[in-house]
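Just below sit the structures, each encoded as structure tokens.
Common to both upcoming complexes is subunit A, partnered first by subunit B, then by subunit C.
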Partner chain A sequence: MPVLKGVGQCLIHAPNLLYHNGTTQTVERLKNPDSEYLKKLPEHLRKYDDAVAYAPNQAYIGNISLEELKTIPRPWYPNSINGASRFGKYGEIMPEDEFYGLLKIADAFDLVILEESFQEEVKEKLAKHKLINEQLLARLTNAKPLGEIEKLVASHTAEGLYLGEKLVGCVRQAHEIDENLSAHIMLENLVVKASGILAVLHLLANTGINPAEVDYIIECSEEACGDMNQRGGGNFAKAIGEIAGLVNANGSDVRGFCAGPAHALLQAASLVKSGTFKNVVVVGGGAVAKLGMNGKDHVNKGMPVLEDMLGAFAVLVSENDGLNPIIRLDVIGKHNIGSGASPQQVMKALVAEPLAKLGRKITEIDYYSVEMQNPELTEPAGAGNVPEANYKMIGALAVMAGEIGRADIPTFVQKHGLPGFAPTQGHIPSGVPALGFFRDALLEGKISSAMVIGKGSLFLARMTNLFDGLSLLIEKNPGKTEETTGLTKEAIREMVAEYLREMAKGLLS
Partner chain B sequence: MDLQNQARIKELAEELGGENIVVLLGAAEPDTASLAAETVTLGDPTFAGPLAGVSLGLKVYHILEPEIRAEIDPAVYEEQAAMMEMVLDVDALAAEVSKMREEGSKY
Partner chain C sequence: MAILAGKKVIAVGDRDGVPGPAIAECAKSAGAEVVFATTECFV
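On to the complex of A and B.
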């Protein structure tokens, strides 16, 4: 059985990317440049320290557990967490200026240009970062004077990188005509790459694995990198691995909207189970486009615009070590083409059917990780509490299966559900952000099984109206020896010794 | 309501006649259901889409309203919608949508 060896989970505070590059804002600027929303928006952007002290963000990087978050009353944003810090056991919350530096580090085609003094400042800061080594720092080159950057931005051949009113750099277009290589797309793709790198660096540190031992990388964000002849050609995975030092790894990109990470996890686990590879990294970078997606509603409600975080994650799937939680591959929940698109059919395919195959009850799974969007971001926009709705659906399935009574649904939700805590970055909240929490709880023996559910809205690409989803069971490792042959090492040793004794006897006689 | 959906509903109403159309909503939140119902009856209250200032006055229901449930084969309803009936606030959804229907439906 493949195991979940560790995670890297990072956030990047990105209020300026939100303001200049989030699609809600870029569309508004095109359609209604003098809008009240755009005027009010800067006053509603959070400071970095507030983003760090925000309880769901502390949960994302592992400083508080999801069980602890459950006990913290909402609203979370006006109540900072005491003792909050930038770094947690899964990763970190990086400030935007350092992230611009990381964008430059990630850049392989001299597309990112930072202003000279800003680059020096950021270099000093990144030099103090425990995971940014000399080799990475040396990539901070070719800074330019402000005037040159201003010219590029004014000529619409580059997207500006700002800190408040101040222009501190830009991302240039990579082609004059090809819109797939425009400055806008290059910025989005470089953000995926840079945030993915950050998550992988934390994953390497958290697991202690030698980077040279990673065999394969699967990237599962929601952007496409390519040019006009192959719009989604790829390959984010190798681009990320190159900078993160995974020299012996190959890789590829997997897509499936928000279900992408679940597909990637399934493939990683299958590659390990088959014996093809020993160590596979799954990584997903963040989405600039979704920053401030519900910003208008947040501003209208007088709240800070809370969708100011880029999310990134990485997990390491490895061959069985007899210790880390196993990813079961004997039964997978999967939404089939013929499954039907009603929520009931989807949840049946993802939860009820795989558990029935195993002879397990819905109530026997300790926790479910569903679409873990932070409700504080979605409720003001009328989208409700998404994870809670999912838990109610799973509870309703348990009612239909005769496991609980209808009146028990709220208790089921309380017992088997977790609070939504992830930024609304599409693939980032989709099942996977609870992997760090699940791994810890399984290792500590607090729980014995958890289900990760990824769901994707395929209609958005206008190719099909089908829905999508995959679910995987993660369980406590029963120990390595029982799984393969049923024989212990000692028993095998004894058998070999017996054979040798017999052979020696034969030789002597 | 999604701008493309507004455009499709407007086109269908023009092509088939408003009296021949029933809009069925599946929204999970009462507020969202109310907004969608208002859009296809009185017009887009956000003034963002093709139905801004256009009062189609269509008949509109939520899928979980009793009138619609009565029209559906019970076996199909059980298989497709019974779970959501346990999850959503059916009374609140029905109240919001029927209110807009009474206020704005011409048919």
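On to the complex of A and C.
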């Protein structure tokens, strides 16, 4: 059985990328450049310390458990967490200036240009980072004077990198005509790469695995890297692995909108189970486009714009060590082409059907991780509490199966559900962000099983009206059992008899 | 439901709620002409 050996979960505070590059803001700038929203937005951007002390962010990096988060009353944003810190047991919350440095470290084509004094400042800060070694620091080269950067941004051949009003760098276009290599796309893709690198570095540190022992990498974010002849050609996975030092790894990208990580996890576990690879890393970088997606509603309601975090995650799937939680592959929940798209049909395919095949009840699974979007981000925009709606649907299926009464749904949601805590970064909230919490709870013996559910909106690509989803069951490791050969006494007797017959034939001839 | 009879309808569904095509079917059954139906993702 493949096991979940560890996680890396990181956030990057990115208020300036939000302001300049989030699609809600870029569209508004095009359609309504003098809008009140754009004028008011800077006053609603959070300071780094406030983002660090925000309870859901502390939960994402593992400083508070999801059970603890349940007990912290909402609203969370006005109530900072005492003793909050940048680093947690799963990863960190990186400030934007250091992340710009990491963008340069991730850059392989001299597209990121940092201003000279800024690069020196950021180099000093990153030199103190426990996971940024000399080799990575040495990639901080080719800084330019501010004037050169200003010219590039003014000529619309580069996207500016800002800290407030100050221009501190830029990301250049990689081609004059090709839209796929425009400055805008290069910035988005380099952010995926850099944030993915950060998550992998934390994963390596958390698991203690030798980077040279990673065999394969699967990247599962929602961006596409390629040029005009192969848009989405890839390969973020190897690009991330190269910088993170995974020298013996091959890799590829898996896409499936928000369900991408669930598909990647399934493939990683299958590659390990088949014996093809021993150690597979699944990694997903963050989405610039979604920063400030519901910003207008947050500003209208006088709130800070809370969608200022880029999310990234990485997990290591390895061969059975008899200790870490197992990923079951005998029964998978999958939304089929013919499953139907209503919430009831989707959840039936992802939860009720696989559990029925195992002869398990819905109420027997300790926790479900669904779409774990932080409701504090979605409720002001009218999208409601997404995880809660998902849990109610699972509870309703338990009612239909006769496991609980209709009046028991709220109790079911409270017992088997978890609070939404992940930033609205598409694939980041979809099932996988609870993996760190699940692994800890399973190792500590607090629970025995948990289900990870990924869901994806395929219709957004205008190729199909279909929905998508995939679920996997993670369970406590029952301990390593000796591999048996499968040979029975009967079979051995037959083999000996065959050998003796052959020998007799040889003697006779 | 008569309020939809003979009316033109644009149906916008939510991925975590009711899908657009489902709303469109309901509107059609109430006598509406569905001119556009879509499902959107708000997260």
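The rule we apply is simple: the second predicted complex is superposed on the first by the 481 of 509 C-alpha atoms of A that agree within 3 Å, B and C clash if a C-alpha of one lies under 4 Å from a C-alpha of the other, contacts with A are read in each partner's own complex, and residues count from 1 in each chain.
The rule is short, and it goes like this: a residue touches a chain if its C-beta (ideal position, glycine included) is under 8 Å from a C-beta of that chain, and two chains touch if they have at least 3 such contacts.
Keep in mind that this is a model prediction, so the values were computed, not measured.
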| item | value |
| --- | --- |
| Three-chain arrangement built on subunit A, subunit B and subunit C clash or fit | clash |
| Touching partner for A:Gln344 - first (subunit B), second (subunit C), both, neither | first |
| Subunit B versus subunit C as contact partner of A:Ser221, first or second or both or neither | neither |
| Subunit B versus subunit C as contact partner of A:Ser457, first or second or both or neither | second |
| Subunit B versus subunit C as contact partner of A:Ser182, first or second or both or neither | neither |
| Partner chain(s) touched by A:Pro429 [first = subunit B, second = subunit C, both, neither] | second |
| Subunit B versus subunit C as contact partner of A:Asn324, first or second or both or neither | neither |
| Touched partner set for A:Asn465, first subunit B, second subunit C, both or neither | second |
| Partner chain in contact with A:Glu371 - subunit B first, subunit C second, else both or neither | second |
| Footprint overlap on subunit A, where subunit B in one structure and subunit C in the other make contact | 342-343, 382-384, 389 |
| Touching residues (chain side subunit C, partner subunit A) in the complex | 14-22, 38-43 |
| Subunit A contact footprint on subunit B (complex, rising order) | 28-29, 31-32, 35, 79-84, 86-87 |
| Residue ranges of subunit A touching subunit B (in the complex, touch as defined) | 340, 342-345, 347-348, 382-384, 389, 392-393, 395-397, 399-400, 406, 409 |
| Residue ranges of subunit A in contact with subunit C within the complex | 258, 341-343, 371, 373, 378, 381-384, 386, 389-390, 424, 426, 429, 455, 457, 459-460, 465, 467 |
